[in-house]
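Next, two complexes with chain A in common: one pairs it with chain B, the other with chain C.
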Partner chain A sequence: MTTQTTILEKVKIGFRPLQPGEPDWIYRIRREAWDRYLEQPLPERVQNIWRYTAPESFLAKNIDALMNLYPVVPDGSNGKPYPVTPEYAAIGYNLDNRMTVTKMTPEISAKGVVFKDIYSALRENEGFAGRFLGKLVGASFGKFEALNLALWNTGFFLYIPDNTVIEKPILMNRHPGGQFTMGRLLVVVGRNSEATIIDDYAGECRLEDPAANSVVEIFVGDSSRVRYVNLQRLSSRCSSYITQRAQVEQNGSLYSIFGAMGSALSKVNAGTILNGKGADSRMYGVLFGDNGQHFDYHTMHHHKASESYSNIDFKVILKDKANSAYTGLIRIEKETANCEAYQENRNLLLNKGTRAESIPELEILADQVRCTHGATMGPIDPEMLFYLESRGVARVEAVKMIVGGFVEPTISQIPSDLQPVLRNLVLDKLGSEL
Partner chain B sequence: MEETKNKNTQVLDIGENYAEKYGFRDPEEYFHKGAKGISHEVVEMISRMKKEPDWMRDFRHKALDIFYAKPMPKWGNTELLNSINFADIYYYIKPIEAQGKSWDDVPEYIKKTFDRLGIPEAERKFLAGVTAQYESEVVYHSFKEDLEKQGVIFLDMDSGLREHEDIVKKYFATVIPPNDNKFAALNSAVWSGGSFIYVPPGLDVKIPLQAYFRINAENMGQFERTLIIADKGSRVHYIEGCTAPVYSTNSLHSAVVELLALEGAYIRYTTIQNWAHNIFNLVTKRAVAHKNATVEWVDGNIGSRLTMKFPAVYLVGEGAKGEILSIAFAGNGQHQDAGAKAIHAAPNTSSRITSKSISKGGGRASYRGLVKVYPHATKSKVSVECDALLIDGASRSDTYPTMEIDADEVRIEHEARVSKVAEEQIFYLTSRGLTEDEARLLIINGFIEPFTKELPMEYAVELNRLIELEMEGSVG
Partner chain C sequence: MNEKKVIFAFKDIHIEVEGKEVVKGVSLEMREGEKHALMGPNGSGKSSLANALAGHPNYTITRGEAFINGKSLLEMDATERARAGLFLAFQYPLAIPGVTVANFLRSALKSKYNGDENILREFRKELNEKFQALDIDKVFATRYLNDGFSGGEKKRIEILQMAMLKPQVCLLDETDSGLDIDALRIVSKGINEFAPKDGAVLLVTHYQRMLNYVKPDKVHVMMAGQIVRSGGPELALQLEEQGYDWIEKEVMKAVEV
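And now, the complex of A and B:
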């Protein structure tokens, strides 16, 4: 009790603006979220979503580190060019948890696309950007989400206007620094538009408090098509906590793709709310763990509107004492009709000592539905290996082929320009181990 | 009769036939009716009246302390769970002083109850033995002589403790200790009745052993305790069926069932639970299967307000097998929170879980399951299949399967499907001259057929009849 009081005292003194001159409304939202963070107890382990990972892992080791986060540095380019390479429409960088740099090609800025660091975007446009902040992942979402809303100091805001097609992907490079990293991504896509976002977490965690806490909110307007790729390639000393929520309106579609290879501990809570009639959400996951890595992925598809479609396909490969917990929820609300929801989780256990848990959950409150889910776990089929070896394929190659064959049905579902990214991630990881 | 009718109308979604067929009740004529509520005094009284050995009395007291200390589960239907008022329940009622030795000794009003349930006929036809639990004591008990000669012990649990204390003491609460969960602790403190079965090594009990349970007193909890031990290489099939009169206030039923299948033994345990729609049925059922043993749970949940029941098989010996086959039917106001658990703790073990659920009229059916494979349980196989049928838009179906696989070289498969009755199927059947109701019933009977075909014939017939009653008026 006394420690709690001390922390509160400290906070009263220590909770400070993100930057001199921070607008009141931003400060107020952050301050309220901070109070919510302090008053919420740690999540209870009895909930399936916390069953396999201790919530303590994501607490800041010391409160001072939290209270002394770097202030926001809106343009950290420091005069350096940071060019947009030809394969992208825009590139954003988060460097060392303080500098945010965003660059767009002239073509897309001419179309009215807004791509900025989130602090500047909010400060300059309370009436628009401010409407979306925390609407999907707010302070009441959970303790760590409240913490993020209170203390975020890096991240991006992306706005794609109506009737705008961005053909090349928009890349966001996220490099957490040594500190407890608080990133926030807010994406708002208007009507009848198209965009591809690659959200790439990579790098080394340097200090003794190597936790990243990231929140992603995506709004997909009527008839828009958005592809969101979340790559997690952090170093093996990192622990990362990512909460992603998207809302898809009428006839809109969102493909969410998760590739996870890095981090010692990686917890992701990804969900899509199918909010408009005919909304379509697909999630694909390729997770490859080794060396005692712990992945804890939760997916959620919440069907709030009729004729909405969702599909989840998660493939997990584990070796060398790695373990994975996959929990997934499909909820179909009352008074919806003709929703379809599918969910599949397959786990390939390459050697001894690995562990896989799977809880694919369904909550169906309407009768006009088609809903199935499936989960499997097992080693490489010895007969497949035998067959390949008997044809003269070396064992190492045979394992590669089988692992490739295991993830290929998932990879082949995602847009073809993104397939090589995931395929290479799997092969790289496999290659380095064999 | 008038009073009964009034009360019946308070219970939602029970077909009229149901009330007439199962909803009768007798005036409460009890030899002893203890006070409501639970305390160490009540536990002491129960133990003293049963003239139990000291170790059992101590066991009950310890269990009560555990019950006090354990919090309510924080998962499942917590709203309904927290509505249980433990102070408003009778924990022990003894209908007559001694157990009926023969059919003639059984009091007339109890006979009448059994007649309407059809027990004596069933027994005359082919049953091996019947322990019919009326209130908390077993009042009637019969046994075929040849089984007795072979050394099969089939008694109510209280008599089992009196006559075979050594066996009971050796196995009692070894599968489900009181600290397993709050309701197992409660049962351990106040248990009364239930069945005790011991099958000697190598014996194949060819005819199923059966027991009927009934609840008949308002606000009265039944806390049966069943213990079945199949010794090495033996085989036994036990059948438990339940119906209950209709009452207006909630009644608690919290049984503990422990099965031990020793090396190479086979146990099948069949239940059809059809409590009235105001009863809380919170049951702990668990089996241990030793080397090369097989345990099969066949579990049907039709009645009750809230059922929480997850029959479990612990596969502790190499080559052990477990199979759990269940159906749940959730009508208006009902929540069937049922499922299965398979714990693989030895190599080369296999388990199969098949679950079917039907929700209608605002009912909620949940499948909640656990499959756990421990690190050394290599080469284990698991298959889980859950199918759910939703009859209308007001109903709900949940699937909460948990799979924890800590071993390699295992094969796990899980599948679940939720759908409504397909319009094409109904169209096809109605075009062949069936009414829509008949068509729907036929489809549902087909849906649960993998379950019914595992039941003895008269149970399958009864189950189909029950489903028919539950489905009445569901179309429109």
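And now, the complex of A and C:
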């Protein structure tokens, strides 16, 4: 792997030529990002965010092939086989061949919602969509984020206008398949609107390349309420790398919910910038690893405005030889007042041989702040098991009850319509493993 | 008088904890409908006996035998013992965060009766009745089991579990400790009302005070891992008045002889 890196850095691989129909401005952003990818060294393993996972795992290996994986723009037939089922307001599919299909109910398209594959959206709305692309996760964010901006080959764009309430969730199916999928999701929500996004990564992948390098950018306008659910249940052979950033404006709120079950190697960097006064961000995570799965989750809450509120509740269950590193950064800027920031990470280790790390990082520059953080880790208490068994509950059921109970206080805090999704993910994983 | 069926019996039970023998050969026989009190000072082995009989993994029964309804108990694991009709009310009930009292009881009942859903038909109604009888606020049904409950609340919930699970043999391990007078009265009333009429109850306690409410048929005194004396309810009163010292002296004398 090191040899490959060296080759990349010595022989600067030139970016591909402009493609027919490709707008100049998009091409320029890609080419510059490519240069940034080449320029940036591999992240050093000294900072917490890279201490627990080898960055080599996420390098692009088959560069020539990757250069030639463009987004495939859907033709007019636009996804006949993909109806919007009644529980959703819209459904999108990123398919294995990089084709993106999106479907909305007539009700929400009448409200002016735009939901499209990201390439079409950018080409058609340079003035609008182009203003947001890469603004939260750009080429200088990091090496692999630069790689994504250079070579993204699939993804969605979602725009919710002002004063628009979308009651049912918008489901995005992300299915990285035979090729290295580099997806981008760009969400722009206007003022005083409401939406729920379920960003669901599932499927198989090849072994040679990382399965997915995904970037998510979410803009939440004044007084809007957005819920973003990130489900990662890729096959246990995959490796995945997801960077998500959101920016919440005045009195806006964002619930970010992470269900992490899949991949052999999963690195996620999720963060919210509280950019307006009274902004509110809550992150809930339920992570369940087994076999040799490795999870590296980083969360960030950046308070840039006064009276902003953030809360993180991150639960980790590990089994077999699975391991998890959780690092959580809270940064509160000096010129803010009365911010509140909370962080809690609990780890349940179902057997010896599992390993969990929990690292809080606090950068609190303001004086008037309320901030707490806490972490716990440990096995199931054998006394708890005996207590349940003494009531006639079988061992397997008792473990299920305790594990279910471990995540329940977290799950019960997320909106009730989304609770079954996470509960089922945990139960499925438990059921198949005990 | 002793025509009634033996419901629960154990013979020559020896128990080790971390390699140390804490119970040194105790035997007892309980017949249908009987309540026995097992008394004794701290560290006499009463709680070890109750926990070991219920199948606690830290207590090893190294010798002896035990039967519930004629079935041999010691080959069974803790779950099987419970399913055979044994119930242990814990001295220090554990909290199970994330599992509500109602859901726990529903699962435990279903599990105890091997997934038979019929058992749950009257569940809600029955649960409400028993909450009322034990003077427990209804909100406890949706609270996480023992999570943040006071000592007295936990003890009530233990008796509630007994009432719902309907065991045949109840080992009540210091259910009276940590209760104020009102709570003691309510819990005792619950034991009298819900303990199985055709089963057996073993009250493990330091004090006579609960025995004013729950009348035992027999009283046994345990010291240093052995039952050193058995008698009727009057034995408990005598202990209350005179403490355990006199028995200890008598036992010592007997050993010398």
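The definition used in the following text is that the second predicted complex is superposed on the first by the 401 of 434 C-alpha atoms of A that agree within 3 Å, B and C clash if a C-alpha of one lies under 4 Å from a C-alpha of the other, contacts with A are read in each partner's own complex, and residues count from 1 in each chain.
Keep in mind that, in the parts below, contacts are C-beta pairs under 8 Å (C-beta built on N, C-alpha and C of every residue); 3 or more make two chains touch, one makes a residue touch a chain.
No experiment lies behind these values; they were computed from the predicted model shown.
Of the two partner chains placed by superposition, only chain C is touched by A:E397; chain B is not. Of the two partner chains, chain C is the only one touched by A:G405; chain B is not.
Legend: residue contacts after superposition of the two complexes on their common chain; A:G112 is shown touching neither chain B nor chain C. When the two structures are aligned on the shared chain, A:Q368 is found in touch with chain B, with no touch to chain C.
In the superposition on chain A, A:G431 makes contact with neither chain B nor chain C.
Legend: residue contacts after superposition of the two complexes on their common chain; A:P415 is shown touching neither chain B nor chain C.
Greater residue coverage of chain A by touch, when chain B is weighed against chain C, goes to B.
Legend: residue contacts after superposition of the two complexes on their common chain; A:E389 is shown touching chain C, with no touch to chain B. Touched by chain B in one complex and by chain C in the other is not one residue of chain A. For chain B in complex with chain A, the touching residues are 74-75, 375, 388, 390-406, 408-420. For chain A in complex with chain C, the touching residues are 381-384, 386-395, 397, 401-402, 404-409.
For chain C in complex with chain A, the residues that touch the partner chain are 54-57, 77-79, 81-83, 87-88, 90, 93-94, 96-99, 104, 107-108, 111-112, 144, 161, 165.
Within the complex, the chain A residues that touch chain B are 44, 46, 48, 51, 334-335, 337, 347, 349, 351-379.
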